[in-house]
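In the two complexes below, chain A is the common chain; its partner is chain B in one and chain C in the other.
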Partner chain A sequence: MQGQNQQQAYDRGITIFSPDGRLYQVEYAREAVKRGTASIGVRTPEGVVLVVDKQTRSPLLEGSSVEKLHKIDDHVGAASAGHVADARQLVDFARQQSQVERVRYDEPIGVRTLTKSVTDHIQQYTQVGGARPFGVALLIAGVEGGEPRLFETDPSGTSNEWKAVAIGSNRGDIQEFLEDEYDAGLSVDDGIDLALRALNEGREDALSGDGVGVGIVDADTGTYRELAADESQSYIDDIEDAADDSDDDDDEE
Partner chain B sequence: MSRSPSLPDRPTLDVDPESTPAERLNALQDHYVDIVAVNGELQAQLDDVEARREELREEVNRLQRENETLKTASLYLATVEDLPEDGSAVIKQHGNNQEVLTELSPRLADTLEVGDRVAINDSFSVQRVLDDETDARAQAMEVDESPSVTYADIGGLDDQLREVREAVEDPLVNPEKFDAVGVEPPSGVLLHGPPGTGKTMLAKAVANQTDASFIKMAGSELVRKFIGEGSRLVRDLFELAEQKDPAIIFIDEIDAVAAKRTDSKTSGDAEVQRTMMQLLSEMDGFDERGDIRIIAATNRFDMLDSAILRPGRFDRLIEVPNPNPDARERILEIHAGEMNVADSVDFSDLAADTAEFSGAQLASLATEAGMFAIRDDRDEVHRQDFDDAYEKLVAEGDTESSGPRYPSYIQ
Partner chain C sequence: TTIVGLTTQDGVLMASDMRASLGGRVISNKNVQKVEEIQPNAALSISGSVGGAQSFIRSLRAEANLYEARRGEYMSIDALSTMASNLLRGGPFFRVVPILGGVDDDGGHVFSLDPAGSSMSDTYTAQGSGMPYALGVLEQEYSEDLTMADAEQVAAHAVKSASERDTASGNGIHITKITHDGLTTVGHKEFDALL
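Moving on to the complex of A and B:
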């Protein structure tokens, strides 16, 4: 009760710090991210894998209209968690930046450069009066000079580079799973497998090909592509088979 | 009682003029006797009336005196601060804290002691000595009638029960054990956990089982309108416990007074905080507290001030969680113990189906199942009734299940 009053005085404007150095509106924006379904990124030497949870609330909703994976350039993709419309704004900005880079320098934009310009854009919305922060976090995956890169942006405008990372709901559990299971020498297939298993970790109902989205940036070809539902389904089937096998093994013991 | 006395007939004498003197004498003599008798009668009546008048006069005097007392000013309360040897006393008036040196009447001088509460009049002379004060509200909190809950009525909280008994009951029952080992028994336990998990029930069972005086109160009772009253109540509460020692104090919903201290400057919050500070100092302050154990319960553990959680105040923080399947089975068995349940009802099966139910919800489930049986005009409760009750309770608790969990603009 008392805490709330105190807090409320400082959460009205984003440009006002609380006495303990917090920007409450930015923290509330992070809450919006937590309420989005999970998105997972895994970096492997062969490329970067993005897996998103597209579970729909109604069977009548077209799964393809759920926008969690976005193509930014030929060599860059992004996964979002949080406000969809905010995500679209950022994706649009990122696409423009990468086109500007191509026009200006005639070369594909670096993933790091792209991420920094996106986060600089996000940051402005934490320091300017009358604006509200972006209620979305992005995972930006791409290939830069043949090297796979995976970045995360958050509503404060901070960016971090990760080997494997999760955003959105259930982030803590998924991240823990990734920390336990991640291996630096994974293949792309292994990476998809790991990300799907991580996603399965925090879910009550079973995964389905329609209910997940998988995007891959391949290091060799340097291109981003999204898997079709049946391709995703085959990966899910493999996981389930493997799980059944290990169950059988357990039974034999 | 107005009564006009019935007067006797007045004797009259008609003397016959033609009668002889002897006859006349006779008649006069008879008349005289009559007159004497009447006189006697009237005399008696007069005595009666005079006695009555005396009575009424006394009544008037009494009423006059009563009226006088009613018209005189009330007495003030004061405390005796000091008793010099010369038969005087230093008293301090309550309220304005004025200190006065006053002569004592010899009758009072012997009985008075320092610290007594006395009544004084306008001229500060001591009129009466009053009883020791403990707040009547604190008195009212003592539980005379032990609740009917026993340890056997508590399902599935075996660990918690053991901890509470160790901390609360053992030191009162077997203090020598603690002396032998040389440890101070924990002074307080705090029960915390989600609503409906049996925290208050645990305390009730302790109250039922123990011989110590059990004093119970709700934290909200400590919040008072006037500054200083809350802390005085806390002090009185502990004083009462000390008088009755060994004693157990149970404070339910302690978060009402023991919420985190903040910088909030509204006087209401500040007063609640002062009440808490009194509680802190009573629990482990400067004064020796005697054989008093404290049990407190809350379901907002996160809101409690860290000072109240430190060892020495609440040594044991016991979490009372939602029941696991075994505990649920046990709880259902307890609640259904009084009910006429069909043999086919498998409680372990039912316990498995009621995941995430709290103890209180299970009690409600059993009652609802009974209601379904009554509605069906049966006097035996079947499994189907429990299932119907489950559907009903889950549907009640989950009215928003049809809508999206989060707004659809968040993905």
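Moving on to the complex of A and C:
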């Protein structure tokens, strides 16, 4: 009994390590990320693709009010998984840092620099008393010196750079799919196709243009934009057509 | 300095001379662009302290970009002028007397601003040491039904007149046109082609 109480004490304040060196509150925050719908990032030589799952709980909900994709600056976009409200705070922090960089140096902020400043902010909430960690992970996609870059942040304040990555629910399966199918020479169109197929992996209901969000940072123009629902739908249609074709092939054999 | 801003049928036309001077006695730079884009539908012309104006423009751009990133659309020109006036009123931007011009859903707008935070909407306005000469021309030649091409001639005439008589203005002209299609700035070292 006593032991159990002691164990519990280690997840009360986040500034307290457990005897085996763990920060329980940070681990719980990672669980919160897993409960969020998935977001996927794919880096290609032509740009970075972000695809988010924004399936709605009710047909009466306005899909456009689901915030999973965020413009950070002209050349940077972000996708989130986990607590939306926490994501909004981080996204606005990132937007402000981007503008501070322009005021201070008259230069667009580097994607790595931006990610580090966001993760430094996240890290403070794992060490300061009276606060809780951010229950959200971000994918930060952008162009830096003409090069596409894709970073991930997690609730501990760690960042990693990826070629292709998934966060949120069903991460394991989606990541495995990406690992099998990723090719370093993909076009942006191929990247969107790959990310949508990865999102489709292990899903029961079909993808729809309203139910997904697609953001692209184009390496040539160095600008971030989000696709309209009908544009996303046409990519989904292409995937379904391709799937039908391969079914036909199977029949012939 | 001479800067002018005119509303036209299709938007806004702004013009500025190219001279930076030390008290109007020494020309410190002969090729200055005094019009800067703030967002794709708005620009600011600067007169007064160069350092103050450059810093002011950086702050304005940061606010405009943040607004766009947060809300997915650019500020209306009314909103931008209010924001600019608030910055001037509370901020350390000494001795800047800008003109703000831009196009939004309600059409073209020109605002005169000053360091105390005043923000006055107008159909045409001028600022800088050459302002009296430029206004003299604008009073004669401006009308609200000007096309962009007409307005370019009127603005060039105004800046040319000021350049002839004001020692702190000259060395050429920049013309900035803002319409719903976007913003362009072109520099001319000679006035002849415009008149």
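As a convention for this text, the second predicted complex is superposed on the first by the 246 of 253 C-alpha atoms of A that agree within 3 Å, B and C clash if a C-alpha of one lies under 4 Å from a C-alpha of the other, contacts with A are read in each partner's own complex, and residues count from 1 in each chain.
Here, a residue touches a chain if its C-beta (ideal position, glycine included) is under 8 Å from a C-beta of that chain, and two chains touch if they have at least 3 such contacts.
Predicted model, so just to flag it, every value in this text is computed and none were measured.
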item	value
Which of chain B and chain C A:121 touches, first, second, both or neither	neither
Partner chain(s) touched by A:32 [first = chain B, second = chain C, both, neither]	first
Chain B versus chain C as contact partner of A:92, first or second or both or neither	second
Touching partner for A:72 - first (chain B), second (chain C), both, neither	second
Touching partner for A:203 - first (chain B), second (chain C), both, neither	neither
Touching partner for A:106 - first (chain B), second (chain C), both, neither	second
Broader residue contact with chain A after superposition on the shared chain, chain B or chain C	B
Chain B versus chain C as contact partner of A:225, first or second or both or neither	neither
List of chain A residues in touch with chain B within their complex	1-3, 5-6, 32, 35-37, 54, 57, 66-68, 80-85, 135
Chain B to chain A touching residues, read off their complex	259-260, 262-264, 269, 404-406, 408-411
Contact footprint of chain C on chain A as seen in their complex	71-74, 92, 95-96, 98-100, 102-103, 106
In the complex with chain A, residue positions of chain C that touch it	58-59, 61-63, 65-66, 68-70, 72
